[in-house]
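As written, the chains take the letters A, B, C and D, and residue 1 is the first residue of each chain.
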Amino acid sequence: MGNSFGKLFKISTFGESHGEGLGVIIDGCPAGLEIDEAFIRNEMQRRKPGQSKITTQRKEEDEFRILSGVFEGKSTGTPIGMVIMNTDQKSKDYGHIADKYRPSHADYTYQEKYGIRDYRGGGRSSARETSARVAAGAIAKMLLKHFGISIQAYVSQVGDLKLDKTYQELDLEQTEQNIIRCPDPEMAEKMIDFIDDIRKSRDTVGGVVACVAKGVPAGLGEPVFDRLNAELGKAMLSINAVKGFEYGSGFEGVKMRGSEHNDAFYTEGERVRTRTNHSGGIQGGISNGEDIYFKVAFKPVATIMIDQESVNEAGESVTVSGKGRHDPCVVPRAVPIVEAMGALVLADYLLLSRSNKL
Amino acid sequence: MGNSFGKLFKISTFGESHGEGLGVIIDGCPAGLEIDEAFIRNEMQRRKPGQSKITTQRKEEDEFRILSGVFEGKSTGTPIGMVIMNTDQKSKDYGHIADKYRPSHADYTYQEKYGIRDYRGGGRSSARETSARVAAGAIAKMLLKHFGISIQAYVSQVGDLKLDKTYQELDLEQTEQNIIRCPDPEMAEKMIDFIDDIRKSRDTVGGVVACVAKGVPAGLGEPVFDRLNAELGKAMLSINAVKGFEYGSGFEGVKMRGSEHNDAFYTEGERVRTRTNHSGGIQGGISNGEDIYFKVAFKPVATIMIDQESVNEAGESVTVSGKGRHDPCVVPRAVPIVEAMGALVLADYLLLSRSNKL
Amino acid sequence: MGNSFGKLFKISTFGESHGEGLGVIIDGCPAGLEIDEAFIRNEMQRRKPGQSKITTQRKEEDEFRILSGVFEGKSTGTPIGMVIMNTDQKSKDYGHIADKYRPSHADYTYQEKYGIRDYRGGGRSSARETSARVAAGAIAKMLLKHFGISIQAYVSQVGDLKLDKTYQELDLEQTEQNIIRCPDPEMAEKMIDFIDDIRKSRDTVGGVVACVAKGVPAGLGEPVFDRLNAELGKAMLSINAVKGFEYGSGFEGVKMRGSEHNDAFYTEGERVRTRTNHSGGIQGGISNGEDIYFKVAFKPVATIMIDQESVNEAGESVTVSGKGRHDPCVVPRAVPIVEAMGALVLADYLLLSRSNKL
Amino acid sequence: MGNSFGKLFKISTFGESHGEGLGVIIDGCPAGLEIDEAFIRNEMQRRKPGQSKITTQRKEEDEFRILSGVFEGKSTGTPIGMVIMNTDQKSKDYGHIADKYRPSHADYTYQEKYGIRDYRGGGRSSARETSARVAAGAIAKMLLKHFGISIQAYVSQVGDLKLDKTYQELDLEQTEQNIIRCPDPEMAEKMIDFIDDIRKSRDTVGGVVACVAKGVPAGLGEPVFDRLNAELGKAMLSINAVKGFEYGSGFEGVKMRGSEHNDAFYTEGERVRTRTNHSGGIQGGISNGEDIYFKVAFKPVATIMIDQESVNEAGESVTVSGKGRHDPCVVPRAVPIVEAMGALVLADYLLLSRSNKL
């Protein structure tokens, strides 16, 4: 259970890290959308391992194939099925952990839950699963673009290195100019050097991805339980290694007074706007037409190249040794995943909002 | 849409602040559970307005009535319907904001979404809606108790006043000993004084509620999208005024190294345990048997007793004046709501986990 | 589980025959719909027991109360909560069957499923539950009416007495002119006499309700699993005592040749139409703009006034004696229920169809 | 929308008749189930075109491949992804109907709903889609077998040729001994001859498939809307060409008296049983432990080899000429599809029933 996401623009995914393949079905993409395969490919490149010196050197080609739902270049309204075959599986790499529980991985919990697990590369719990999300998210982005909505994420923190600028003060077009995907070139360099040091020490570190959606019309969100912020939060917390989510003023906002935090309304032409945006574009769980922004916290990658204490399936003490090719910090590759999940939520809620009124 | 929560232990709520009444249907409560009405009543008292000098002086009796699903004191497996009639409605209080958008409330977004709104007391967007959640959560708690699971929340921050102790260092039984619901008596006093000052300045302030669940068996959680942490996050972010959610090491965890953050496994008798618990009891989206803990950030209450700039439905500039009886800080009354939503998630995932294996 | 129906126009019901009350939440009714309470009341009168000599003489007042979701006479887009309190409960009537399983009732299956049951009047399995459906269906009908869609059911068979006219050959406006709700006055009289005889013999008999929806636009239906006919079928089969569903040519259609059964297309002005309508207005699971029609088979009412062989909870042989006030034939009162469920499906699918295209 | 089925044992399908491929994700198969690929292959052979002289001579190899969710021969609890690539596509066959609406097909309704359609072989509306259902159903059957439940369908009627024996009077093991899949050898021969005649006249005919499930424990079914019979009905009505569903006494039952129709209870050892089974094994929407049986009506195949009146997308009168390779009667190939859908419902409800009690 739990492998579907969304209500009207719904995705269902399958696939393990080292099985035969992964894939996704998008059920509910409206008919008539032009499907740009080159764009999907580009999005997947952004997530792909081996893309720079600060990501894992593992090679995964991530070649997707659309099997259905698209006819003569356009969506037909029927389910879009996509598969990504696994090619660089190297299952032999994983023999050494077949019966050991890697600390802070999902080995133990999958074993407890199911009584069986595909231990190769983490199986279903591997971040490889997110490739299917990025493929689906690319189609959600096309739908959003059709309606003038864009979504863009960037790295705002790595370890202690934290951007002190708001997204308005940054030039987000700089994001893709560097391998860490931080729109501040100076900070980007610091972050890259820092991650490189971490990598050399065979360790890992966490980080934060910030995300902004522009052009979102007022009215998206389904209170009370399916508030837009709640669904965005769930989407982000469903990504591997995520430990926290905040939107608008977030955890810092708790320190403010109401008189300072409230976003005063004014009129700009026909449009009602707010002078500040501590609400992060969402009030009462519904978008208000201002930019939506939120932050997502990623823990340090659990796979480290250092020996660790653990137990095996028999309950015996064992040492887990680092081996293989892994990311010292997940955030640069997490940027397109955050965007994909955000796009999926917005596409879904855009369709849901069509039922609001007579 | 969006007024149901849960998959197998599912609640659906209805009701506006100043309508005739509110209510909830619980569909999926297993048969045979003893229903303790006094316990439900007690939970609702904890959420009730007017319970202390630092909460709103508004009176709401919150008398619930169980209409179905319980026979001779036990759940029957059929839907449990509960209603809470509104008695202290005072709709006249709200004439002054009938066509004005209160800053950082949901007035504007509801109007945009639906083209119509019940403006009295915020209508559906009022926190009064959470009374139905607390009633349902009380039943979820009884189910959890039957399986040896407890959940307890407390206030860990008000404005800048932040507990620097972990939940393990606190005596959580102290929580209900003071009106702010902070288990550290010294800090509690400071927080109460601070909120009292805020109240006198006719302003409001935010805060953080922490929550701990004990006795949760390993194996709860439905990856990949319905991870236990993702569902908890959604549940919390669906509560009025919540701006952020983190579990385990949370946003602070991003600063750590993997070697420091990873939770080493060891064996305690038959049981596999972790030496630290940065995972917050959840690995790969599935509970691992350790305590689950998380934090929830609440913004300052939007209703302040100070004049504010705004616009009305016609788009004209207006002043919104504070009026009525409101909370200077929401966190003391949010404690039972956080527990209720947490209990609902755990009850639901407990039932879901029954399908894991043959 | 299983007490909700619909996707975007979703109802959730609760309540037992002899509990405190029943009710329904409608989540997803678009905002701005004028809610005519007199119309709801009238629909409930049509379902009400005691309405004629051929229905049970049991008295239930079926007074509903709208608690939320309607403001100044219009739907607001928030959940519409309705309750119907039980007044004529007479629980004492049921002591004699407290531990006996009435043949072809749900006593045994509820007991097996849940290990406990509210035996009074069948508890949740009582057809009294359908009062909530009729209340919700009345609102669905108002929504349909706004879009020019009507739905009308009638009795087409009682026992062996079967109308041999198609709905096109009947004057459906006659339906409500007689107590059996058969639009053919002559046949109506025969049916009434027949049921009266059945009643006198302390027995019961089955019947068929036919239903026609007019004005349904082409394009409603969600293949492949949620075909319009599949959802209509489920809706009807969820009504108490229903044993079969067919649409268009139905079971008779299997005898036809394809050349005879196929509905030839032609153009009427701008509109594509079919010369015959063996499809019952649905092709490939999607409405084609022609009238939708279907039939629903109801078994003889299980409660008879004749002694029957059975067993009790202890597994001992017992005699179940008929007692109480029951319907000799369910179909006259089933007419508004069939309409209600049909209206709920159509309202839901109308909203779903808004997401078909860009 | 509408391409998923089930709650806990949930399938999602994709794929068009002449696209690149079809597939299915099973989400919720419990871990630890032995997956017998040869059995799946055999089930798919039973549905496959070209299997006998009375089915279409079209060749589709229906080779499936399991991409995930199975490890070392057992289900792991993660989604089982399966693909079936299309090889014998022959799209050129369909140029002649690219803009014509074939009578009683889904061409017109898909065009109206989506504004675009993949016209090749009916696209998504083709019965080829059911291959994915049969693959998933085979896994559901394995799960049922583990719990001692079997499901078996057979042809009970073709045109006017109708078996007058109940399933108890038949030797269901004979079903697969002939190409029509009728367990009565004499009737089977008549049916085969009849279909062969129909085929020679370039026409088609309808039929009925009956189905029996044995070993189903009491307690499956989720009233009130998700009654077991309602879900079975929906499952069957979601199959291409189905026009009706009835269970137990069905449409014939309406003619009976309650005193005749009611199934008296008695005790057989520890087990409560019924003397007759007009209930079809389901009472109040919940299985009672007796055999479940139902019938499904299939209309004559819409593709005939005879010229037909129709219109094209421009609304002009056209003639649709029969061409290609099609089935004169769908029922022999429908038998495994009915079983598959029945198995999916029972597997799902078996898992759901685990939440009934504490």
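Rule of thumb we're sticking to: contacts are C-beta pairs under 8 Å (C-beta built on N, C-alpha and C of every residue); 3 or more make two chains touch, one makes a residue touch a chain.
Composition by chain, UniProt nomenclature: A, B, C, D = Chorismate synthase.
Just so you know, these numbers come straight off a predicted model, no measurement behind them.
Greatest centre-to-centre distance from subunit A is found for C, with centres as Cα means. In this structure subunit A contacts its sequence twin subunit D using mostly the same residue numbers, the overlap exceeding half. Here the spacing of subunit C and subunit D, counted between their Cα centres, is 26 Å. Put simply, the C-alpha centre of subunit A and that of subunit D have 39 angstrom between them. One finds 46 Å separating the Cα centroids of subunit A and subunit C. Those residues of subunit B in touch with two or more other chains are numbered 1-4, 7-8, 13, 28, 31-32, 77-78, 110, 113-115, 124, 223, 352, 355-357. Interface residues of subunit C facing subunit B in the complex, by the touch rule stated above, are 1-4, 8, 10, 12-16, 19-23, 25, 27-28, 31-32, 65-69, 71, 74, 76-81, 83, 110, 113-118, 123-124.
Interface of subunit C with subunit A (complex): residues 7-8, 28, 30-33, 77-78, 143, 146, 223, 351-352, 354-358.
On the subunit D side of its complex with subunit C, the touching residues are 1-5, 7, 13, 101, 103-106, 108-110, 112-115, 124-125, 129, 157-160, 198, 203-208, 218-219, 221-227, 229-231, 233-238, 240, 242-251, 253-267, 270, 272, 274-275, 278-280, 282-289, 297-304, 306, 308-311, 315-317, 352-353, 355-357.
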